[in-house]
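In what comes next, chain A is part of two complexes: it sits with chain B in the first one and with chain C in the second one.
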Partner chain A sequence: MIYNKRLILAHFWLAFALFGVAILLGEWQMFIRSPLHGWLRNADLYYRSVTAHGTVMGYVFPTLVAMGFGYFISEAALGQPLVGRRWAWAGYYMIIVGSVAAVVPVAMGLDSVLYTFYPPMIGNAFYYIGVVLVVVGSWVWVALMGINLYVWKRAHPGAPVPLAMFANVAGAYLWGWTAVGAALELLFQILPVALGFATTINAGLSRVLFSWTLHAIVYFWLMPAYIAFYTIVPRAIGGRLYSDSMARISFALFLVFAMPIGIHHLFADPEVGAGFKVVHSIFTAMVAVPTLLTVFTICASVEIAARLRGGKGLFGWVKALPWANPQMLALALSFVMLGFGGAGGLINMSYQLDSTIHNTQWVTGHFHLIFGGAIVIMYFALAYDLWPHLTGRALLNLRLVHWQLWLWFIGMIVLTFPWHYAGLLGMPRRMAFYDYTAPGMFAEGVSVVMSTIGGAMLVVSAALFLTVLIRNHSAARVDPEPFTFSRAVHEPVSLPWALNGLGLWLGLMIALTITNYGYPIVQLIMTPEGRVPPVFVGGKP
Partner chain B sequence: MARAVPADPHDGEALAKRIENRWALTMVGLVALLVAMVIFTGLHWATMPPSRVETINPSTLHVAGEFVESNLGSAVEADGSITVRIVGQQYSFTPQCIVVPSRTPVTFRVTSADVIHGMLITGTNINSMVSPGYISTFKTRFERPGDHLMPCHEFCGTGHEGMWANVKVVEPDAFARLVGPTRRASCDL
Partner chain C sequence: MSGPLLRNRWFVGSVGGTFLLLVFSVFVGFVWLPSAQDDSLFKGLLNSICSAAGVPRSWLGEASAPVTSPVKVSEVVMTPTTLDGPASSGAVGRGGTLALRCTMCHGLRGVSNSQTPTLAGQYASSIYKELRDFQSGARVSAVMAPFVADLHDQDLRDLSAYYASLPRQQSPATQDLQSAPDVVATGAPMRNIPPCGSCHGRLTAKLGVPWLELQPRDYLKTQLEAFARGTRRNDTSAQMRNIARNMTTEEIDASVSYYTGGQ
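What follows is the complex of A and B.
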C-alpha cells in the first residue's frame, strides 16, 4: 500500500523534468565541441552549460530519484505510512530552492566552475549555498529513512528487515556520510572565501575533501539501480531471488568500501603521497567485489525464472526468458553496459594504467557509460514498474518502451565507445573548442562526431521516456495488484544481527574513512604553504 | 546451475550456498590478483605518479627561486640528464614549446601560478595535475624523436580551450647543438 503517492510522484517528476532539460545541454555541448560547429565566440556559454549539466545530472537528478524511490520502498516494504511526511516535503522544497539558487548564477555566468568546483577558482556564493541546500534537503531523507526503519523494528522485534528497505537505508547512510566531504569543502574552504571572510584557500585540502564525496557518490547513484536488480526484476520476470543474504552482504560491502577509496581520483595530484594513493587503489579494487557478487546473484535469479518457464540446457534457458518484459530487457542492457563500464573502471583504478587516461575523454566516456548507461536505464525501468502503482493508471505503449530502452542502449554505446577512444588518443576533457586541424587530431574529430550522433539518439530516447510517463497520467484507470518485491528462493526466517541492521557496517564505514582519509587531511591542514590566493570567476561578488 | 534436484529443501539451500561461496571466493581471488599486479608493476618498474608533496609559494614564483623565467625550459644536469621546468597559468604554459633529447632521462618539475591545471603529452603516458602551492615531479624518457601536443587537461577557466603547448623530441646531438653556454634550451613553434 502506497500512502504518499503525491510526495513520491513529486520527487520523480522533478527529477525526470530536470533530466529532460540537462540532457539537451549535454547534447548541445557535444555538438559545440565537435567539428560540426566552429569556434564558439563566447566559450563561457559552454562552461555554464557544463556546470549546469553536471550539477543537475550529478547532484539533483539521482538524489531526487533515490529519495522518491526511498519513500516508496519505505511504505511498500515496511507496510506503514511514512513517518515524518511534513519533513519529507520540507526536504523537497529545500531542494527546489537550492536548485534555483544554484542554477540562476550559473546561467548568469557567475559560477562557471563546473560541478566539481575547482578551487582556488571561486564563483558567486549563491551557487555553493544552493548546492549545500540540495544536500541538506537530501539529508532530511537520510534521517527519515533511518527513523522509519527504527519505528518498524520497534513494532516488529526480531523480524527480518525486508531486503529492499535494508538496501534503501544502506544507500541513505552511504549518501549521508559521503556528502560530508563536499560539505566540509564547501563550508570550511570555499564559502569563507566566496563570502569574503578569508583571503586564501587550501586547494590541495579542498581536492582531498572533494574526493571523499566524488567516488562514493557514484555508489549512491547506483543504489536505486541495484535495488531494482535485486527486488524488482526477479519478481517482474516471474522468478525468485537466488540469495537474500548475499544481497545484504553486497549492499553492506558497498557501504564499507565505497568511501575510503576516493583518492584514486587524485593519483596524478602532487598533494597526496604515494602511500595513501596505493592504499586507495587497493581498496578501490575491493569495491569491485560487491558488483561481481551482484552479477552472479542476479544472473542466477534470472536463470531460475527461465527454468520456471521451461527453459532447458546449459545456455538454452536464455531463450525462455520473457524478453518482451521491459524489466528483463532493461536488466540485460544494463548488465552489458555495466560490464564494459566496469572493465574501464578497473583500468582507471589501477595506479599505473590511470596515467594513460587520467583526465582525458576516456574518463567522461567511462562515467557516462556506467551512470548514464547502466544505472539510468534502471531508473527508467523502475519508473515503468512503479508508475501504475503511483497513478493508478495503466502503462500502455509497451512498444514505445521497447524502442526507448533499445535506443538508450544503442545511443549510449555510440556515444561512449568513440569517447573512450578519443581519450586513448590523449584528447583532454572540458574544452569548448578543439583545433581538429592540428597534427594527430583528425581521428579525434571523427570520434567526436560519432559521439554527437549517439547523444542525439539519447535525446530522442529521453523524449520517448517522458512521453510514456506523461501518457500514463491520462490512460485508463486500473486497479493494480498490491505492489510486491521479489521473494527469495529461501526466504529468511531470522537473520544474524549483522545482516538485519546496519550498525556494524556503519561502524566499519566510519572507521575505514578515518583510517584512509584522516592522515592526508590532517597533513594538508598542517601545511600552511598549501594555502593559495583565490581566483575569482565571473567578477568578484 | 544445479542439475540435481534434492528432495529436502534444506539440501537445496546448502547447495545454493556452496555454489555462491565458490563464486565469491573466485571473485576475491581475481581482485587479489589485480592488486598484486598493480603492486608488482609499481615496485618493479617504479612506475609512480607524482607524489612528493613538495610545496612552493605560487605568489612569488616569478620573483625568485627555481621557477623564475630564465630557469624555465630544459636544463642539462651535471650527469647529462635533463630537467624540464614548466609553469602553468591562465591560459598558457611557460615555455610554450619544450624541446628534449630522445633516449635521455628527463625529469619534469611543474607548478601553477594561479589555479589547478593539468598536463598530458599525447602519445605518451605522461600525465599530471598541476596545482598551485605544489610541485609535480615525475621522471620519464622519450625513446623516439617526434612532435607531441601538451594540452592542459583540467578546467582552469574560460580560456582553458586555448591552453596547449608543444613538445619536440629531437636527437641527442641536435639537442646538444641547441644548448648554449647557459645549458638551457627551449624552442620556437
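What follows is the complex of A and C.
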C-alpha cells in the first residue's frame, strides 16, 4: 500500500524533468566541441553548460530518484505510512530552492567553476549555497529513512527487515556519510572565501575532502539500480531471488568499501602521499567483490525464472527468458554496460595505469557508461515498474518502452566507446574546443562526431521515456495488484544481527574513513603554506 | 545479538577481515613498493614509510641552491588582498595629487592622447604591478624610471587606486566577441596561445593583468613585439613572452586593431 503517492511522484517528476533539460545541455556540449561546429567565440558558455549539466545530473537528479524511491520502499516494504511526511516535503522544497539558487548564477556566468568546484577557483556564493541546500534537503531523507526503519523495528521486534528497506537505508546512510566530505569543503574552505570572510584557501585539503564524496557518491547513485536488480527484476520476470543473504552482504560491503577509496581520483595530485594512493587503490579493487556477488546472484535468479518457464540446457535457458518484459531487457542491457564500464574502471583505479588516461576524455566516457548507462537505465526500469502503482493507470506503450530502452543502450555505446578511444589518443577533458586541423588530431575528430550521434540517440530516448510517463497520466484507470518486492528462494525467517541491521557495517565504514583519510586530512590542515589566494571567476579580477 | 562481541563470528569475520586487508594494503603501499624502488630516498624502513606518507625526510637536503637570474625579474606577488591595507581609505585623493606628475603623458584624467597607455579605469592591481616593476628595473623604461624612483610603496598604491577610480572610456559596439579576431576569442590551442580575451577582457579578467581596450595602437604593438623579442620580461612566468613569440604578424596586427577599437 502506497500512502504518499503525491510525495513520491513529485520527487520522480522533478528528477526526470531536470534530467530532460540537462541531457539537452550534454548533447549541446558534445556538438559544440565536435568538428561539426566551429569554435565557440565565448568559451565560457561551454563551461556554464558543463557546470549546470554536471550539477543537475550528478547531484540533483540521482538524489531525487533515490529519495522518491526511498519513500516508496519505506511504505511498500514496511507496510506503514511514512513517518515525518511534512519533513519529507520540507526536504523536497529545500532541494527546489537549492537547485534554483545554484543554477541561476551558473546561467549568468558567475559560477563557471564546473560541478567539481575546482578550488582555488571561486565563483558566486549562491551556487555553493544552493548545492549545500540540496545536500541538506537530502539529509532530511537520510534521517527519515533511519527513523522509519526504527519505528518499524520497534513494532516488529526480531522480525527480519525487508531486503528492500535494508538496502534503502544502507544507501541513505552511505549518502549521509559520504556527503560530509563535500559539505566540509563547501562550509569550511570554499564558502568563507566566496563570502569574503577568508582570503586564502587550502586547495589540496579541499580536493581531498571532495574526493571523500566523489567516489562514494557513485555508489549512492548506484543503490536504486541495485535495489531494482535484487527486489524488482526477479519478481517482474516471474522468478525468485536466488539468495537473500547474498543480497544483504553485497549492500553491506558497498557500505564498507565505497568510502575509503576516493583518493584514486587524486592519483596525479602531489599533496597526497603515494602510500595512501596505493592503499586506496587496493580498497577500490575490493568493490569488485559486492559487484561480482551481485552479478552472480542476479544471473542465478534470472536462471531460476528461465527454468520455471521451461528453459533447458547449460545455456539454452537464456532463450526461455521473458525478453519482452522491460525489466528483463533493462537488466540485460544494464549488465552489459556495467561489464564494459567496470572493465574500464579497472584502468582508472590502478595507480600505474591511470596515468595513461588521467584527465582525458576516457574518464568522462567511463562515468557516462557506468552512471548514464548501467545505472540510469535501471532508473527508467524502476519508473516503468512503479508508475502504474503511483498513478493508478495502465502503462500500455510496451513497444515504445522497448524502443526507448534499446535506443538508450545503443546510444550510450555509440556515445561512450568512441569517447574512451578519444581519451586513449590523449584528448584532454573539459575543454570547449579542439584544433582538429592539427596533424594527428583527425582521428579524435571522427570519434567525437560518433559520440555526438550517440548523444543525439540518447536525447531521442529521453524524449520517449518522458512521453511514456506523461501518456500514462491520461491512460485508462486500472486497479493494479498490490505492489510486491521479489521473494527469495529461501525467505528469511530469522536473520543474524549483522544482516538485520547496519550497525556493524556503519562502524566499519567510519573506521576505514578514519584510517584511510585521517592522516592525509590532518597533514593538510597542519600545512598552512598550502593555503593559496583564490582565483575568482566571472566577476572580480 | 547474543554473547560477547569477540565470540560473534560476524563481528570477528568482518572486522578481522577488514583489518587484515588494511594491514596488507598498508604493507604494500608503505613498505613493499617504496623499498622496491631503486632510489636513495627509499632506503631504510622509516624513510620509505615517511616518503609514502608524503613526509620526505631528505628531499630538501639534496636540493641545489636556486639559480639567480642575470637580469632583473619581477618580484611582485599579486593576490586578491595585496592592495588591501590600513591606508586604503583616502588613497584616491592622495593618488590624485601624486598623479599631477603623470598628466603630461597620460592625460589630465588618465586618457592618453599620445602613444602612452590610457590609465582611466585600469585595474589597480595592474597599475601597481607595473609601477613596482618600473621601480625595481624589471620593466625597463628610460622615461618611467625617474618618475617612480622616489615614490614609496604607499604612493604606488595611492596612484593605482586613483587611476582605477577614473571612469573608463566607452568601448565601441564593434568590439564584441563575435567580431573579434580568432586569436582574441579562441587563441590557438596547438600553438599554446590562449585567447587574449581570457585574461585581458571580454571573456574574463585575471589579477594583475591589464584591461587592454582602447589602448593606443603603437603602444600595444610595441609591447607585443618587445615580449616576442624578449626585451620586455616582467611577465612573471614568461607567459606573455611565450604567447607573443608564437603569434604571427597578422595575429599581432589583428589583436592590436581589435583592442584599439580600430583606431
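Basically, the second predicted complex is superposed on the first by the 540 of 541 C-alpha atoms of A that agree within 3 Å, B and C clash if a C-alpha of one lies under 4 Å from a C-alpha of the other, contacts with A are read in each partner's own complex, and residues count from 1 in each chain.
We adopt the following convention: contacts are C-beta pairs under 8 Å (C-beta built on N, C-alpha and C of every residue); 3 or more make two chains touch, one makes a residue touch a chain.
All figures in this text were calculated on a predicted structure; none of them were measured in a lab.
K.L.:
With the two complexes superposed on chain A, say which partner A:Met286 touches: chain B (first), chain C (second), both, or neither.
P.N.:
Both partners.
K.L.:
Which partner chains sit in contact with A:Leu504 here, chain B, chain C, both or neither? Use first/second/both/neither.
P.N.:
second
K.L.:
Figure out whether A:Pro120 sits in contact with chain B (first) or chain C (second), or with both, or with neither.
P.N.:
It touches chain B, and chain C stays clear.
K.L.:
Determine, under the contact definition given at the top, whether A:Ala324 touches first (chain B), second (chain C), both, or neither.
P.N.:
neither
K.L.:
Could you say whether A:Arg531 touches chain B, chain C, both of them, or neither, answering first, second, both or neither?
P.N.:
In the superposition, A:Arg531 contacts chain B only.
K.L.:
Does chain B (first) or chain C (second) touch A:Leu398, or do both, or does neither?
P.N.:
In the superposition, A:Leu398 contacts neither chain B nor chain C.
K.L.:
Output check: A:Leu187 vs chain B and chain C. Expected answer is one of first, second, both, neither. What do you get?
P.N.:
In the superposed model, A:Leu187 contacts neither chain B nor chain C.
K.L.:
Looking at A:Gly273, would you say it contacts chain B, chain C, both, or neither? Reply first, second, both or neither.
P.N.:
Touch status of A:Gly273: both partners.
K.L.:
For A:Asp44, decide between first (touching chain B), second (touching chain C), both and neither.
P.N.:
A:Asp44: touches chain B and chain C.
K.L.:
Comparing chain B against chain C, which has contacts with more of the residues in chain A?
P.N.:
Of chain B and chain C, B contacts more residues of chain A.
K.L.:
Just to be sure I follow: which residues of chain A are touched by chain B in one complex and then by chain C in the other one?
P.N.:
Chain A residues touching both partners: 43-44, 271-274, 277-278, 282, 286, 431, 433-435, 438, 523, 533, 535, 537.
K.L.:
State the interface residues of chain A toward chain C in the complex, per the touch definition above.
P.N.:
39-44, 199-200, 256, 271-279, 282-283, 286, 431, 433-435, 438, 496-499, 504-505, 508, 511-512, 515, 519-520, 523, 533-538, 540-541
K.L.:
Can you tell me which positions in chain A touch chain B when the two form their complex?
P.N.:
By the definition above, chain A touches chain B via 43-44, 47, 50, 112, 114, 118-121, 202-204, 207, 242-243, 246, 266-274, 277-278, 281-282, 285-286, 288-289, 292-293, 296-297, 300, 303, 346, 350-352, 354-356, 358-360, 425-426, 428-435, 438-441, 489-490, 523, 527, 529-533, 535, 537.
K.L.:
In the complex, go through chain C and note every residue touching chain A.
P.N.:
1, 8, 10-11, 14-15, 18, 21-22, 24-26, 28-30, 33-34, 49, 51-55, 79-81, 123, 125, 177-178, 180, 182, 185-186, 188-190, 195, 198, 203-207, 209
K.L.:
Where on chain B does chain A make contact in their complex?
P.N.:
Interface residues on chain B, with respect to chain A: 1, 9, 12-13, 16-17, 19-20, 23-24, 27-28, 30-31, 34-35, 37-39, 41-42, 45, 47-59, 90, 114-116, 118, 120-123, 125-129, 131-137, 147, 149, 151-161, 164.
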